[in-house]
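Below you'll find the structure I mean.
Residue numbering begins at 1 within each chain, and the chains themselves are lettered A, B, C and D in the order written.
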Amino acid sequence: MNKEFRVLSRPYMVWLSVLVFFPILAMIFIGFSNLDSSVSIGEISLSFSHLNILTQSSTIIAFRNSLIFALATTFICFIFGYFIAYEIKLSKFKNKFVLLTLVILPMWSNLILRTESLANIMSENNILKSLLGFNIFGNIAGTWMAVLFGLVFTYMPFMILSVYTALEKIDFALEEAALDLGLTPLKKFWKVVFPLSLKGVVTGSIMVFLPTLAGFAIPKILSRGQIVFIGNIIDNKFIYTNYNHGALLAVVILIFILGSILLITKFDKEGETLL
Amino acid sequence: MEKQYASIKDYGYRDFTKLNKIYSIIKKLLVILIVLGLYLSIIVIAIQSLNESRNLSSFTRLSFQWYLNIVREQELMNAIKNTFLVSSIATVLATFLGTFFAIGLYALSKKSRVLWMLLNNVPILNADIVTGFSLMLMFRLLMVVFPNIFGLFTLVMAHLFFTMPFVILSVMPKLKETDPNLMDAALDLGIKPYKALIKVVIPAIKAGIFSGMLLALTMSIDDFVISYFNTGSGFDNLSIWIYAVIGRRNLTPSVYAFSTLLTLFTMIGLLTYQFLQRQKKGKNNEKNSTSSVSSQS
Amino acid sequence: MKKIVLVAFLLSLSFVLVACNSKPKLRILNWGEYINDEVVEKFEKEYGIDIVISVADSNELFYSKIKSKTTAFDIVIPSDYMIEKMVEENMLLQLDYSLLPNRSLVTYMDGVNQIFASMTETTFARSGLNINYNNYAVPYFWGTFGIIYNNRVEGLEEALEEHGWAVYFEPNNYFSSARRGMYAVPQFAYASAMMYLGNNPNEYNSALLAQTKTVLQNSNFVEWGNDTLKRNIEANNLDMAFTYTGDYLDRLYIQLSEGKTLEEVRATFDIYIPDTTMVFIDSMVIPNTAKNIEGAHQFINFLLDPENAALNAEVVGYAVAFEEAFDIILSYLNSEDIEMKNWATANSIYYNMEIERTYYPLTSLQPSIIDSISTMIDQVRTG
Amino acid sequence: MENKKALIELKNISKSYDDELVVKNVDLTIYENEFLTLLGPSGCGKTTILRMIAGFIKPEEGEIIINAKVFNDLPPYARPIHTVFQKYALFPHLNVIDNVAFGLNNRTWNYLENFYGKAKIESEIKELSKHKPISVKKAIKNLIYKDSLQALKLVKLEGFISRKVDQLSGGQQQRVALARALVNKPQILLLDEPLAALDLKLRQNMQYELKEMQRNLGITFLFVTHDQEEAMTMSDRIVVMKEGVIQQLGSPKSIYNEPINRYVANFIGETNIIKGTYIKKDLVNFLDVDFKCMGYKFAEGEKVDVVIRPEDFDVVDLEKAKLVGEVVFSLFKGVHNEYEVKVGMEKLLVHTYESYEVGQPIGLTIDPYEIHMMKVDDSEQGV
């Protein structure tokens, strides 16, 4: 591309630098200072006293919950999401764009509405039961199964999109070559298709893992408040204007995020499969 | 001489033809189940919107009253209007600016392009609550100069911040796919660089721009946390409104009706698009069939 | 090129939309669905002012919205303890009663006056300031808290009437299989446990914190929710929950409007209001960032008219704060209109002012105490 | 040819895409150890035939018989056939040697034991066990590695074993693709325009090498190309195709010299096609002159097309000439001169070593055995 166009990227560089670095620095600053609503500019000082929040049993358990659920969600999304992405790729339906849009279409409805409606039908007595006469979920409201179900089916579109993008880029001739060299379709999948789609799996996994790890609305609604995620704790800290603790916990999340970004760059140099 | 048929077993493979049939049935079942899972909440919302009763836990009678009621719910209508205003402005701006920024980034040397694409990932992957809160802190600083900044402006800016990276991400691979000589050819024909950009490059990356736009819209329309921190002047979008109302009071079922309409209209739009495409293709095929032999590869 | 035109068009459209309303505006920060649209329309018509309503779902969010100054709201409707905090932090304007002539038309209910007095008391105890909250706030709605319960559970109603809080907090002794839910606001959970223990819910020390923690842990709550509590009890997915009395009335009105009788509804689910319980009062205040102070006074004055207050109460399940407005509601007791009659009956049952009760409004606790309480609640919830 | 063993027989094969017949009732026998080329313009169905033999697509009609067995329903992986793809289709996630060993690495142990034979495996075990005992699997792995190395040596790439395939040039990639197919010791190697992406010099080298390899390895090569020169250089037999139908099958020489119709004549190199009349046995009239000819049998007086290759004209003195024309265009082509000679109304293309100027008269004769005749076929309008 013409070097002349480099100038087009300048405004974005400024925009990104300011809006990416300033917030992160602000978070770190608030997390490690005594700044709160009652402190005036002159009295600001460094403070590590907020670090005690990290050792609270509730924080640790919430972190554990977030991590376990994020990992489980990512894994299930990977299995099912990959399957769907592969089926879309194999489908004889020519217009893949329409299929992909159908996959993300549920995301256009409000997340809270969707989650509430799931919570509704997971309860013992619900609207579907009154229509069908039986309960499709049993009574799983408030259990880990309810939360997992909600997380998996909310974030799966990210996995499907990323994996599909990677699958689409695989030259069909490679698959033919594998068959030609004596690989059965199953073996062809494991030896050629899957390794070549790994980029998309990594990106998709991160796209699922991070919002699950940092999210709070879905566990709050679907566990009926019984399973606390780290996001719920951060959310509460912000609501009750304890910005220091909130920011500190957010910084921990941020470390995960930066780690993920590094991981992505290792697998996928220019972020080609990130959706 | 009798015909001999080669069998797959002669060549060291087992015959899975029967298993394959079962497998394909299981596969179809699984696809249906997963798609049902993805759409389960949407289906329930649709059922709730058709329930005459405000009671969400039992279906009394079929009724379309909540659909008619949408226009009468002032706060809801206002929230819908705001959502569309913010999301459409943010999406159009993000698509427009994002495309040109992507072209700019693409023109950079490979090393610095990788670096900036790395930073480009941050708004996508960052936790909403962190992004929302920190953007608010930023805009607070600007309030010294522009006291009435909070509202539409800050909302659009915040939405731009997290939607633009999606556009750039979608456009970039398409830029890489374009013929590097495309631009030179246009310049060679005496077209000025920026005109060539619009006339030659943009049409070549149209698909990427469009999918970027779709993603940007998807992200923008359902955003709650970031909007929440950056709104002002009563400029609440649908997510903020729903969250505030659902927290303590009853949500009018018209919200479900609206949500269902949005899904339905998009689906109808998609199907129409698909139908039109097919018709167009059919016509082209007819035209071409006499003159060309279709390629066999 | 087409896109540039489109952007330009949309941008200009948005500016037109934002700028075209040249009428003066009144920005209100309110709870969701906490106002009758008819009242809004009536006011807008009478005064030629446009009302813009923003909503939030917690007092703390009201506070942070005002504190962050991102929007200049003219009227906010926070609860008692938050008003204390806002006054102490100098965030509110004093009301100009010369602009509120309708004040003379209404008499505050006894309970309301009690709450205002109690607010003054706790503020004095905490900071030594002697503040008359009437100077800052005009009551909007008020109400009690109670235990909403599933009347399909045999004997639960009687047990609650007889043993009160204990039924709710002692699953080992009463209804061990009943599904209990708690309001997911740390201070509410703490306060309810404190009242069960016979304490003033506004007291705090580490021993009390440990005691309440044990109480809450032993209660085996299956849900920590908000509005979901009342819906789950209504749907027979939960048996007991501590919540606003207004939440119950809210569901009650919906059931009544769908043709059920009061008796039928009460037979499926009802609310028990303990003799010692929490109360709240939401009041209209003017933050010192307000732009349209005159309009704010006009609006407050408008709602001080008993007619308007009663009209507003028609869609909101909480109690009106003015005796005159309450009388208007009760006057429907003999109405032909069944809906109005039911509404009046419900008010007379659940906001019966004859019953002697001890009311505790929550006070504004120090951030560090709130933090300890929320951490305690988080620990209970994470098991 | 007749005493050679038939390896592949195509019987009455048809295939259509979107209701369009791209291969029409093709019959073809491919023998052991021959280099057969399918030649034709793009869209003539040659690649479709190749892909049907490889098993990627199924014929709608007819049978594919390999080693006397019907193979129609066998998937590609079960066929003793390997393909070199047009764009090589190397696996980007593997290095060069892993690409080459890919096919063998993914076979079952049973297959590999048969592939190498007990004796070979045992001798390998013996050889390797000198240092420490090894398993059969390890021995087979070792054999695969050795074979892959050998195959790479064959294509002169032994120095590149651990390169990533995207670090190779086009020619090198092409060689890896070849090695990857050859290492499996296929009976038949299908090559789908493998040289199309290479530049001229490289292409000519590869043509030579491919032919050498085929001769040395004793494998049947089925080659697909649209380049007649390539076909001429390498093939034992050529199949000229048009619109899904085989036009002519024969050795390069016979196709060149005795094209069966205008289409083949035009497709295989430059040629002169002149309208003539078959007068009687061994006598034909064209350009108003009677010529002696030999070996053709038509009805007396039948109109025929006479084919004369440009280099088959003998340039002679004017008085000895049977045809006298005028040079209207000349082009120096290095080895020879190319002239356009106008004889009467007809323009002829003539190759000769003699020099003539434009405008000069020129005398031509033709030896009887250089005159080829075809039935007049008006539908064949050349390429």
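What we mean here is this: contacts are C-beta pairs under 8 Å (C-beta built on N, C-alpha and C of every residue); 3 or more make two chains touch, one makes a residue touch a chain.
Quick caveat, the model's predicted, so the values are computed rather than measured.
Contact with chain A and chain B alike is made by C, D. Summarising the inter-chain layout, the chain whose CA centre lies farthest from the centre of chain A is D.
Centrality annotation: B (chain centre taken as mean Cα position, compared with the mean over all protein Cα atoms).
Counting C-beta pairs in contact, the chain pair with the highest total is A-B.
If each chain is reduced to the centroid of its CA atoms, chain B and chain C end up 39 Å from each other.
Per-chain Cα centroids separate chain A from chain D by 55 Å. Between the Cα centres of chain A and chain C there is a gap of 35 Å. Chain geometry summary: the mean Cα position of chain B and that of chain D are 50 Å apart. Each of the following residues of chain C touches two or more other chains: 58, 235, 237. The multi-chain contact residues of chain B, meaning those touching 2 or more other chains, are 13, 56-58, 243, 246.
Each of the following residues of chain D touches two or more other chains: 75, 77-78, 86, 107, 111. Shown are all chain pairs that touch, namely A-B, A-C, A-D, B-C, B-D. Only residues 58, 60-61, 63-64, 67, 89, 181, 184, 186, 221-225, 228, 232, 235-237, 367, 370-371, 374-375, 378-379, 381-383 of chain C touch chain A when the two sit together in their complex. Across the complex, chain D meets chain A through its residues 54-56, 75-78, 81-83, 85-87, 89-93, 102-103, 106-107, 111, 180-181, 184. Residues of chain C that touch chain B in their complex: 1, 3-4, 6-7, 10-11, 14, 17-18, 27, 31-34, 37, 40, 52-58, 68-71, 226-227, 231, 234-235, 237, 247, 250, 254-255, 258. Listing the residues of chain B that touch chain A in their complex gives 13, 27, 30-31, 34-35, 37-42, 44-45, 47-48, 51, 56-59, 97, 100-101, 103-108, 113-114, 116-131, 133-135, 137-138, 161, 164, 166, 168-170, 172-173, 175-176, 180, 183, 187, 193, 197, 201, 211, 214-215, 218, 221-222, 224, 238-239, 242-243, 246, 255-256, 259, 262-263, 266-267, 270-271, 273-274, 277. Of all residues in chain B, only 3-8, 11-13, 285, 289, 292-297 touch chain D in the complex they form.
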